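Listed next: structures, encoded as structure tokens.
Look for chain A in each of the two complexes below; its partner is chain B in the first and chain C in the second.
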Partner chain A sequence: MLNLITYFYSAPFVPGILLADVWHGKHSALEPAGTAASEIATLFWAMAVGAAVIWLSMIVLGVYCFRTHQGMHPPRLPWFIIGGGMAVPSVVLAVLLGFGLSAMPRLVGPAPEGSLRVHVTGEQWWWRVSYEHPQGLDTQRVELANEIHLPVDRAVEFVLDSADVIHSFWIPSLAGKVDTFPGRETRLVVTPTSEGVYQGICAEFCGGAHAWMEFTVVVESPEAFDAWLAEQATPSNTLHDEGATRGRTLFRQQGCGACHSIRGNVARSRVGPDLTHVGSRHSIAAGRLPNDRLSLVRWLRDPKGLKPEALMPSFAMLSDEDLESLAAYLHGLK
Partner chain B sequence: MNATFDPHAEHAGHRTHESNQSLWLLVIAPTIWATHFLASYVTAAVYCAKFAPADGSLATVRWAIAGYTIAALIGIAVTAWFGWRRQRYGTPEDVHIDTPLVRHRFLGTATLLLSMLSTVATLYTAMTVIFLGDCS
Partner chain C sequence: MTFEPEPFAERPALVPPLAAAPPLEVQRAQEERLLNVWKSPAGWRYWSDVNNTSVGLWYLVTTCGFFLFGGILALIIRVQLAVPNNDFVSANTYHQVFTLHGSVMMFLFAVPILEAFSVYILPAMTGARDLPFPRLSAYGFWCFLFGGVFVCISIFFNMAPRGGWFMYPPLTTAYQQDVGADIWLLGLTFIEISSLALAVELIVGVLKCRPPGMRVNLMPLYAWYILVVAVMIVFAFPPLIAGDVLLEMERAFDWPFFDPARGGDPLLWQHLFWIFGHPEVYIVFLPSVALVAMIVPTFARRPLIGYGWIVLAAVGTGFLSFGLWVHHMFTTGLPGITLALFSAASQAVAVPTGVQIFCFLATVMAGRVAWSAAMMFIVGGLATFIIGGLTGVMIALVPFDFQAHDSYFIVGHLHYVLVGGTIFPIVGGIYYYYPLARSKALSERLGKTAFWLMTIGFNITFFPMHITGLWGMPRRVYTYAAGRGFEELNLLSTVGAFVLASGFAIVLWDILRPKRKQPLIKRNPWNAGTLDWAGRVPTMNWGIRSIPEIDGRYPLWEQPNLLRDIDEGRYFLPDAEEGLRETLVTSVIDARPEQCLRVAGPSYMPFIAAAFTAGFFILATFYYWLLATTSGIAAVVMLIAWAWRGTGAIPEKRAKDIGLGVTLPLYRSGPASVGWWAMFITMLGDFTAFMSLVFGYFFYWTSRDGFPPDPLTGPGTFWPLVGGGLLLAAWVATVVARYANRRERAAGMYMALLVAVVLALAGSLALFAGPWTTGLNPTEHVYPATVWVLVGWTILHVLLGVLMLVFCAARRAAGKLTSEYDADIVNVLLYWHFLALTAAITVAVVAGFPLVA
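Moving on to the complex of A and B:
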């Protein structure tokens, strides 16, 4: 009984302890860096303060009831019940509902005319990202994977869909989450307000490696963004390193192009992630590993060990030298 | 059985409505709420799909839902009034004894409370179109 009472009184502090752990970081909804995330954070804090006030009131009432002698009924008890049990909750809920509804037009409204549009497709377990071409050539989109760059203080419209099961696209620091469905487009408008590197996640359980379906979001100045997009639109760079040249040969010999695409190389398949500028990304395997040669070797050797049920086949049959050459080639694709 | 309810007949051995265990009065207010909810959403959905202007304005739907809301609140108020009358009927007895009069008064109280709940729920439904001005 004592334990139960202890839990009851300490319960509100447990989420606080957990929150303190995730308060700061690349994907904290409590550190908004976008207009929509700010709206949601404000709503959260209003609800948290309201909930705390209600919880404290209930504790005070509970203590009062325990201390009152049994059989004593204050003369205005019926009005107390009607007021506390009906009127106050109705008013509190009406205020919360009004607060939430008033934020909705700003959260779900359309993007301004001429906004940048980014297409994102959720796949088990990575994100296919494609930008409409800077010169407006819709047939020639700039495709990459698991990394999104955005210009600061500009509205961006995400057009979301899924290739297999339901996923949910969520950048906690920038906006609310939106589900992605096979065969149906959903939309999300994001307006980042602070430059920085943020993390996006899949917020809907989608299978074995759901927890490793992350992506990086880089918010930068419009000038830096334009330069980045122009760079991403170009074919892969020329190689000067001997190991990397050997790695490119191995890439062709081992049939990597059956799944991956590298613009400027013969590989043009769209089964797996586009690797044209994979060396320039912040991480590999949808946030599973940092982007360096050692991690690339680990990934090529044992993808399923690092990411359960990953569709990428293992290349453990290759020698260490071959794997290192492949890693050098991939890491050199800036 | 006397088909007309006579509130003064209880102590003369006549039967109240609750002798027949009629619960219909209880469900009227929640049914009005559910009907208002359904009518509001169907009107908005059909309007947005077929009749909305280019800017997607919900102005026409707002007036329609305002009308539904007034009609629903009047219906709920009338139901609450019937509940209020039943709740105050007769002299209080020991509520732990199951008699037609106790059931009569209890159903009156329950009807009144459900009417209050339905009023709040109907107003919450109507609040949506105050804040959401277009079909998007």
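Moving on to the complex of A and C:
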């Protein structure tokens, strides 16, 4: 009751509740869409059934033990303890260990030679994603934020690190998680097996907006993926309507380029997320808001209110018209 | 001359009690003297009491208070998560709430309550009148109270730690600059030290303060478990304390132990934390099993089956638990082979747990069970715990942990383990032991109602978490978006949490409700077989009227007329002729009487010393270095005054007749004395902390390039070798002083002590000169910081050692230390043995290792 009262009481004051919910795709370890996740899900179901059987057996055994009234010391009791307490658990655990660890080489082994490699850096509280350039231009990475596209049925190697604190990179539908560290590279190999949109999250507590550090994973056909990557590699294309043009000017005037980069625009800073194709992403602010103009305005006005301790400064001093222009510009960066 | 006790061993194994009771008026006079000696001070002086029943009671009440506080924090968490996008509390507050919930439950409830329980009932179980160092218990309690309150109230000032109870850097170093993390580090380190002090006390209590005849294979299982757990504390807490030191050095002085930009590594903290953190799980679980092992035989109305198996299983669990820590780090990208090894070890720990459970099952199978609320909590707790154990086996399997780690599945798992394995048996223990403490019974009806509310509420709360976790809900999120499928299960968890809380509320009411009109219980109300139930109703402060000789595991069932003989003073120490508090000290294995120990009475010294110690830690939290240092010095002065006035007093006579024709010395030194054991165990813990720092040095060597740097920047070999040599010479001089004292050569002893002090100080200077003259700057890189921390640790210990040497000289001069009564210098020498080893290792590592690396 208390929580319901709290809910109704707080609803009018919470911007989040009034917003349309962001749908990021599937995010359940029990609905696998990748080889690793399927293997682990199978292991889970086998263990869950086994655990249920063992627990029920223990309860039945317990009830039996309490019900018998022998009032004496049955001579075979040592075997009860050795058998039940040592032999049976040892055998069950040995089998389980063999079964479970046999999956290890497939789960932690290196990706096949020539696999797609994606670099992901966890930052407070978003994900910097960068692809090696499709034309093999070493100097140029294709960088974006909070969104990853993957070709279906191909192994992908994620090279993970962190810019600040420890995060953990987790796409429950595709694979297990791996922590990301400052000053240390970790790796995760993922092979998605069905097309779709999946949600990734930060699993290691990383401070203020840990709860809002999500990302979208789009698994598509290899052709669609190649087309997408080629598109991402190009400079941004800007809308040329009046609002967007004003927004572009405002973007420069307000110093947004001090943190953000938009390839094709002057902004080159790598402090915050790359915005070159921000308009094409599924959501903004690492999954906090849907990607539409209204949400962009809300975000520009009050980042910290939406994501506690967010490092993006507020632009609430701008007029509604200015904010809408900025939003129009950003939303047009497809 | 040396002093040998009476050859007690030559007597037959069992001393029969006096054939006839002493005359009634003699008994009355004895009882009056005993009561007088052991009575708690009245009025406000009550708080100077140090007796185990008083301190144990305060301890229990305080830990339960912290439990309620942690429980309210849990309810705040559940209200916040009841609905998506909730703003019942802000993210910042939520982070403080869950950090404090975990820290309070672990450090201020789970560990201390076992120590509180043990302080209260261990002496009763082992027929002792008190623990061997009552003032140390009191000091530990006051430290715990001050430190715990300090940590808890921080949340009311919005200053509480907010890094999660495992405080991973670099989040807690560079990214949380406010005082919260310092409160966690210093406040809880302080409490860890008090937990360690209590662990030392309990180990010595189990090993040396048993009744005659209670050989190790006859000890109540509770004593075995507490022994295992206390030893685990001695080895598990120091790595965390070492980690705390490193983390606080980084926060306060910018020594970059965990900063990768300067060669540090955040993973070192994870290793140190979990080397502590995993044994910790068993440290809080095993004492509850200890309660199970006491309660099950009582209600099965027969001795426990598989005593030896249980002891082996407990010891085995203790050992194994130190080899599992990496299973908290399966997702940190460690090599596959490491993961597989730790996975196997983590599975293996299920085996001793299985053995213990089957021993309990065998006992109820062979016995005829009488039901009671206590028994229900035990059985329900174990059934719940088995679920946690099974999910534990699941997550110990690396592949599954890749998914489950840091998700709500873990939250579900750990609460099944801790609530089922620890809290249910503790509530059972409260229902079982409440009558022992208060001579009134708790209500069976309320207990059973509470049991069902708690069981149902608990499962509604925590079972769904396994599912939310696998559906992708990470732990430690202050809220979640709607439309993810988390809403219903979270709401269910919240409803369950309030049902669970109502169960606890009933238990609380049952404890607090007035019982003035309720009749006193009959003596030994559960008809238990162990010595803890030998006390009279109403409870007498003297502990036990006379200390019996024991020849079985369940003396109240096995030894006829035991209660009568105890009551009539037909056994040992039935009197307090000298008006001093006395208890028996026996040998470690066979429990042969060795000494009649005079234990300390009421004193404000523990309280004052604890207040100054608290002052040091609390002021240091806010970086008030001058005030903190002043308070720290005051604490040291207080501790010296306490050691001077309160310990090692030379008795008015050498030996005393303790009854039944046995005469025991009143003073012992060396391994026969409790003080020597306390020093030895303390130094094992201290040395473990030091070795954790050394582990850090080699961890950096394996994990980071350029450690040690090439070419080497310091500290050279010359000064460290000179320092090491001088310190070893100081150690030799201390040995000489000890033997000069034994041979009654006062001048030689003073001279040797003086030489030792000078050599020790010179050695410290030389050790300091190593990194100093080579210009090692600890803020520049982790290498100099590590060298400095090892050198600093050693120097600090040398200074402490010097203080002890001066203390011995002063004691000798004051006539408090003689050739016969030489426990002081024997214990100081023991300290110096460890110090010599520490110095040698420090020199070998900082000067020698770079040469071979």
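One rule holds for everything that comes next: the second predicted complex is superposed on the first by the 303 of 334 C-alpha atoms of A that agree within 3 Å, B and C clash if a C-alpha of one lies under 4 Å from a C-alpha of the other, contacts with A are read in each partner's own complex, and residues count from 1 in each chain.
As a convention for this text, a residue touches a chain if its C-beta (ideal position, glycine included) is under 8 Å from a C-beta of that chain, and two chains touch if they have at least 3 such contacts.
Given the structure is predicted, the values throughout are model-derived calculations rather than measurements.
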Which superposed partner A:86 touches (first chain B, second chain C, both, neither): both
Superposition-derived comparison: chain B or chain C, residues of chain A touched: C
First, second, both or neither for A:44, with chain B first and chain C second: second
Which of chain B and chain C A:330 touches, first, second, both or neither: neither
Chain B versus chain C as contact partner of A:110, first or second or both or neither: first
Which superposed partner A:170 touches (first chain B, second chain C, both, neither): second
Partner chain(s) touched by A:124 [first = chain B, second = chain C, both, neither]: second
First (chain B), second (chain C), both or neither touched by A:98: first
Intersection of chain A interface sets (partners chain B, chain C): 86, 90, 93, 97, 101, 104-105, 108-109
Chain C residues touching chain A - in the complex, by the definition given at the top: 78-79, 82-88, 90-92, 95, 163-164, 168, 170-171, 174-176, 260-261, 265-267, 302, 305-306, 309, 313, 331-333, 336, 339-340, 343-344, 347-348, 350-351, 354-359, 361-362, 364-369, 379, 383, 386-387, 390-391, 393-394, 397-407, 470-472, 474-485, 491, 494-495, 498
In the complex with chain A, residue positions of chain B that touch it: 116, 120, 123-124, 127-128, 130-134, 136
Residue ranges of chain A touching chain C (in the complex, touch as defined): 2-4, 6-7, 10, 13-14, 16-17, 21-23, 27-30, 36-37, 39-40, 43-44, 47-48, 51, 54-55, 58-59, 61-62, 64-66, 68-74, 77-78, 80-81, 84-86, 88-90, 93, 96-97, 100-101, 103-105, 107-109, 124, 164-166, 168, 170, 172-173, 175-179, 181-184, 186-187, 199, 201-211, 287, 308-309
Contacting residues of chain A [partner chain B, same complex]: 86, 90, 93-94, 97-98, 101-102, 104-105, 108-110
